[in-house]
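In the two complexes that follow, subunit A is the common piece, with subunit B as its partner first and subunit C second.
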Partner chain A sequence: MVTGKRKFNGVPYLFILPHLIFFIVFVGYPFFNGLYISFFNYDYLRPQATTFVGLQNYMDLFRPGSVKYYEFWNSMRVTLVFVVSSVPFLILIPLGLATLLNTKLPGTNAFRAIYFAPWVLSCAVISLIWWWIFQSQGGLLNYYLGALGLPTPRWLSTMPYAMITIVVATIWWTMGYNMIIFLAAMQDIPADLYEAGRVDGANAWQRFIYITLPLLRPVLVLIIITTIIASFNLLGQPMMMTRGDPRLPNGGGATEPVMLRIFTEGFVRPYQGSAAAMSVIVAIIMMAFSLVNFRLFRHQE
Partner chain B sequence: MKSRLWTVCALLLVVSLLLSACGGAATPTSEATGNACGVVELQYWNPFTGPDGPFMGQMVDAFNASHPDIKVTMTSQGEYYTQLTTAAAADTLPDVAIVHADQVPTQAFRNVLRPMDALVAEMGISASDYPVGVWNAGEVAGHRYSIPLDIHPMTMFYNADLLKSAGFENPPTNAEEFEAIAAALTGNGLQGFDITGGFPVQQIFQQMLHQFGGTEFNADGTEATWNSEAGVKALQWMKDMQARYSEPNLEVDAELNAFKTGTVAMVWNGIWQIANITGDGVEFDGRATAVPQIGPQMAVWAGSHQLTLPVHKTVDPCKDQAAAVFIKYLVENSVTWAKGGQIPAAASVRASAEFKAIEPQASIAPSVEYAFFPPSVPGITDAFGPLGEAVGAVMNGTTSDIKGALDDAAQRANEILAQNRTTYGAAPQTP
Partner chain C sequence: MTPPSMPVQHSEPIRHSEARYRLQRSVGRVALYALMVCIALIVIIPLLWMLSTSFKLKSQLFSREIYWIPKVITLENYTKILNNPSTPIALWFRNSVIVATLTTVAKLALDSLAGYGYARLEFPGRKQLFGLLLATLFLPGVMFLVPNFVTVARLGMLNKFSGAIVPALASVFGVYFMRQFFLSIPKELEEAAAIDGANTFQIFFQIVLPLAKPALATLAVIEFLGSWNDFLWALLVLKDRAVQTLQPGLRTLQGAYTSEYGLMMAGAVIVALPVLLLYAFLQRYVVESVATTGLKG
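So, the complex of A and B:
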């Protein structure tokens, strides 16, 4: 075990034990079990039908022309479009808000609370709110657009509007969380750095670029990664707002995210093995995204 | 420090004891004493989380009041089939459960339901009291798995005030009347017939397909056949009606919300919308009636709630006997259920004076004789997925190639059907 010089101290391990137990039970075991059943034709209700199929579940997802191929990669494409169109806004808007609220102006506390408030609502609530705003029969947005003589698109049932509604709802819902983290990090930046900048004649924009941003980098990396992962996990908003519609002629829906596809495959259909294989592929893609992100930022340092 | 650690440990111990107490607690049963079953407790699950729930609750209360030896506890929940299948995995299924007709074979093959042939014979419930389609939906691989409770058909809702304003006293019963009314009431801010690009257009398509003489699948459910000439006619008719009389690209429920504003003459949706868009639900004379016959033969899309016995590792004969009494009671007293916006499946109940007094259910009821149900094949609802995509895509305008979309969907459905045959096999495992 340990060399005689240092006595093994078990107490710290006892402290992490409760979390470790929950981690193993609810994250560790399911992860490896998921990996395991992805090699089986698996249905938890029909043990007699559970057979080892090797890499078949993965190969099916890479066989063009098959139903699973189209449905899975369509939902993957939908999810990627969502990630690419939501993450920049979910970084830039909270960063801007945090910068504005990190000043000594009156009322900043009220604004902090207001911007953070949507985050405490559940996904179902915000989806319903935005559904009411966007829906076509007397919905708030089209009512006012119509009153102003502007075009009134079918927000929830035509593309690209259906995707836009989901992105807008998500930004409004989650931007407050990122904003609070940015704000906390900004308040850790020593005031004398800005003081020195001011003495050297740097204007507000220059102070932001040369002082705030570089010192925010570790937090920025963290937020980009957690936001990308959160966006990959998109599920509730399209389920409630568009139900994955509009449908596409080759199969799948134009706003059907990959998490909904996995749920359908594993719980609506009896293919938990195939659903597990899909989850593994999504996990690999998410890890690749995170790794690239880490590399990019480390490279700049 | 140390004492705090002990406190934490002690708390953990208490919590774990409590948790195990919750999980392992077995409700004491009074049936252990010889032949007498004593008071039998039954768990009864259903998906009635909407306005129909209280009507079912009334029936359960009435049953409990009149049967002192049986105590039924009803649980209504959403995300219903996920609940059922996970309960099956944990062997915590209820004693009686509602299952939709098209889900019966799937749940039978997935070891959620068990056959009830002997019990049905004892109950004295017979096929002759039911329309053929709805009764056959409960038979899987030669065994009876369910008893039909109700039939919920596609229904036509119309704004009687608007119809009157255009000189129409009665709702349409055929294609000519339907188009005449729709045409007369389209324009000037009105729509003759609103139809969406999502739910329930797949169901409307199925209905029109049958009306034009087609079917979704061949008889044994091995092949999709909706890309027939009848299928193309059906979808073309829907697309034409949308182009002439409906707003384009409506999302799910938008046709109902538009109807409620009083600017739409007719919509088609499930009978369960009665409370929402007729009577007190709207500020005009909103009414419901049977859908018209558009094609050469009459056909009506419908679903059906069926009563089933879920699987248990150890079957308790006392509970089965009590479940049989309860199921028979629900079927015979389904007039109460009809008030919630359903049509009783049993012809004897539909013929009763009590049911005939319930409107508009009574005047919609004759249409359930034309209801059709999918072949009794496990996973058949999966095979409907591509059909929903094709019909939704055409109605939403993401494609204009009707034949191509239906062909493509049929091909994908055939692949799903073949996969399902491989995984499910020929018959459910006998429990």
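So, the complex of A and C:
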């Protein structure tokens, strides 16, 4: 059997090439092409008008006083506000739900299925539903708030309410996802640890703090990072619920996150070079963030 | 507190405290169930509101009283959006079915082949190549938006289903998912088949693939959901009304009518119902797949 000579075997390539071709064209090539486009004044509808502008697209974003500068950094600020105001809820609520479902009472599987259900819906569907609930005219929420004699703000068009509507819709939509992951991790914790805790006289809260949380730490860190990144990618909810409004005096919108800014810049306005430059900056920030976190996390392990 | 090892001398008080413990426990249980039901209501109410609104006439939407069950149940919203040529939702539904089905089938084929290649077949640079693929999983999607749009436009795939399907096939997740599965099955079966003279393709199609049915089903559910629910990319490349899919279609619907919430909710029901039904039947698959892939990916 042993021939001593290695013959070229083409079969493995027949397995990997079909996918690899698409990978090269739509992951490998655009990795560089995105950077390349960002050095041009680029409009895909008028390719003949393309001009090389060097670092101009970047300089516009770092030159204080210009509209582009204000719009871009405002959208970064909005994104940050959304991340800070949504992520704590997207961690704590799923953690609570998972703990509730981990009691192994009969019927918890049905509740698990219900809590997760919104996640299978699309961004467009959930945005429409919550947009209607938060309407000032005919909206469900203000109807009940009014009936209880509580204030009925114009949720979708005034601050900070417009941001709150987006946070609420997002929590309702995605809390089931982190819940499932927490629950799976909790079910991996050996039951005898809890038994030992019980014997030592620890109550439910103490068992959660001293047994569940420490063993959940690796998953917790992973979930925090992925949730921050997911929140950073916010787009559809403000696009459909608030359109980025209310408008701000210097341009830009109070609920316009950076993804919506890039969408507007590159696909509503004809500035794809500028949109590519924004994408590069956002991508660098996101990658730096993940890298720092994974490093920190690995060090502590 | 009484240590459990203490010899039982007074049976009366202990039985008493046990009864109290049981009572506390059942009160606790009732409280837990009450909490779980309340949360379930919070999850379900918006969906019921969508459904209820979709059967209401416009005149009922802004009445002083809110009726959860419409006073007059009407199908007008549904017939109206189904027959309005400026919001061809039946056509969009068909487009979504085509795009999601083709994307899923193509991904299953490409990803199971590639996954097997990276899991089992020997070729120079395999490890490095797969490492490179995995590394791209950590790249933010926003980087690819503009350049891939430009590529799709240059290839003449704008406003064609191929523009929505083809770039999605580059995704690495499915390859990784299938590779993990192939690594988990014992090698002996394949080795035995090889000794019997089967070639790599025979081994793959006749032995490995039949074993991979559960993994393929899980991947199919994830990919179908992902493609069906895709909003941003479909919005960019499928602009013409005739080729739009349901998700950007909902945005068109929202822009086409002002304060016709009944119509919009009817549209939302049409878009949500297929995935909710799919979920109702394949709930276990969907939840398990999130539980396993979410932890790793």
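By our rule, the second predicted complex is superposed on the first by the 263 of 301 C-alpha atoms of A that agree within 3 Å, B and C clash if a C-alpha of one lies under 4 Å from a C-alpha of the other, contacts with A are read in each partner's own complex, and residues count from 1 in each chain.
As a working rule, a contact is a pair of C-beta atoms (placed from the backbone, for glycine too) under 8 Å apart; a residue touches a chain by one contact, two chains touch by 3 or more.
For clarity, every value in this text was computed on a predicted model and none was experimentally measured.
Aligning the two structures on subunit A places subunit B and subunit C in a clash. Once the two complexes are overlaid on the shared chain, A:245 sits against subunit B while remaining clear of subunit C. Judged by the touch definition given at the top, the superposed model places A:125 against subunit C, while subunit B stays out of reach.
Contact with subunit B, but none with subunit C, is seen for A:43 once the two complexes are overlaid on the shared chain. One of subunit B and subunit C touches more residues of subunit A, and that partner is C. With both structures placed on the common chain, the touch criterion links A:112 to subunit C but leaves subunit B unconnected. Look at A:296: by the touch rule set out above, it reaches neither subunit B nor subunit C. Legend: residue contacts after superposition of the two complexes on their common chain; A:92 is shown touching neither subunit B nor subunit C. Within the superposed three-chain model, A:254 lies in touch with subunit B and out of touch with subunit C [touch as defined at top]. By the touch criterion defined above, A:138 lies against subunit B and subunit C together after alignment on the C-alpha atoms of chain A. Contacts of A:288 after superposition on the shared chain: neither subunit B nor subunit C is touched. 11, 14, 18, 44, 135, 137-138, 267 are the residues of subunit A that lie in the contact sets of both subunit B and subunit C, per the superposition on chain A. Those residues of subunit A whose C-beta lies close enough to touch subunit C in the complex are 9, 11-16, 18-20, 22-23, 25-27, 29-31, 33-34, 36-37, 42, 44, 97, 100-101, 103, 105, 107-108, 111-125, 128-133, 135, 137-138, 140, 143, 172, 177, 180-181, 183-185, 199, 201, 219, 222, 229, 232-233, 235-236, 239-240, 259, 262-263, 266-267, 272, 275-276, 279-280, 282-283, 286-287, 290. Listed in rising order, the residues of subunit B touching subunit A in the complex are 5, 8, 12, 81-82, 85, 88-89, 106, 109-112, 196-199, 247-252, 254, 257-258, 261, 379, 382, 385-386, 388-394, 396-399, 401, 404-405, 408-409, 412, 415-416, 423-425, 429. Put simply, subunit A touches subunit B in their complex at residues 11, 14, 18, 41, 43-46, 48-49, 66-67, 70, 135-138, 154, 156-159, 242-243, 245-254, 267-271. The residues of subunit C lying in touch with subunit A in their complex are 1, 4, 29, 32-33, 35-36, 39-40, 42-44, 46-47, 49-50, 53, 61-62, 66, 109-111, 113-114, 116-118, 121-123, 126, 129, 133, 136, 138-151, 153, 166-167, 169-170, 172, 175, 199-201, 204, 225, 228-232, 236, 246-248, 250-251, 254, 259, 261, 264-265, 267-268, 271-272, 275-276, 278-279, 283, 286-287, 290-292, 294-295.
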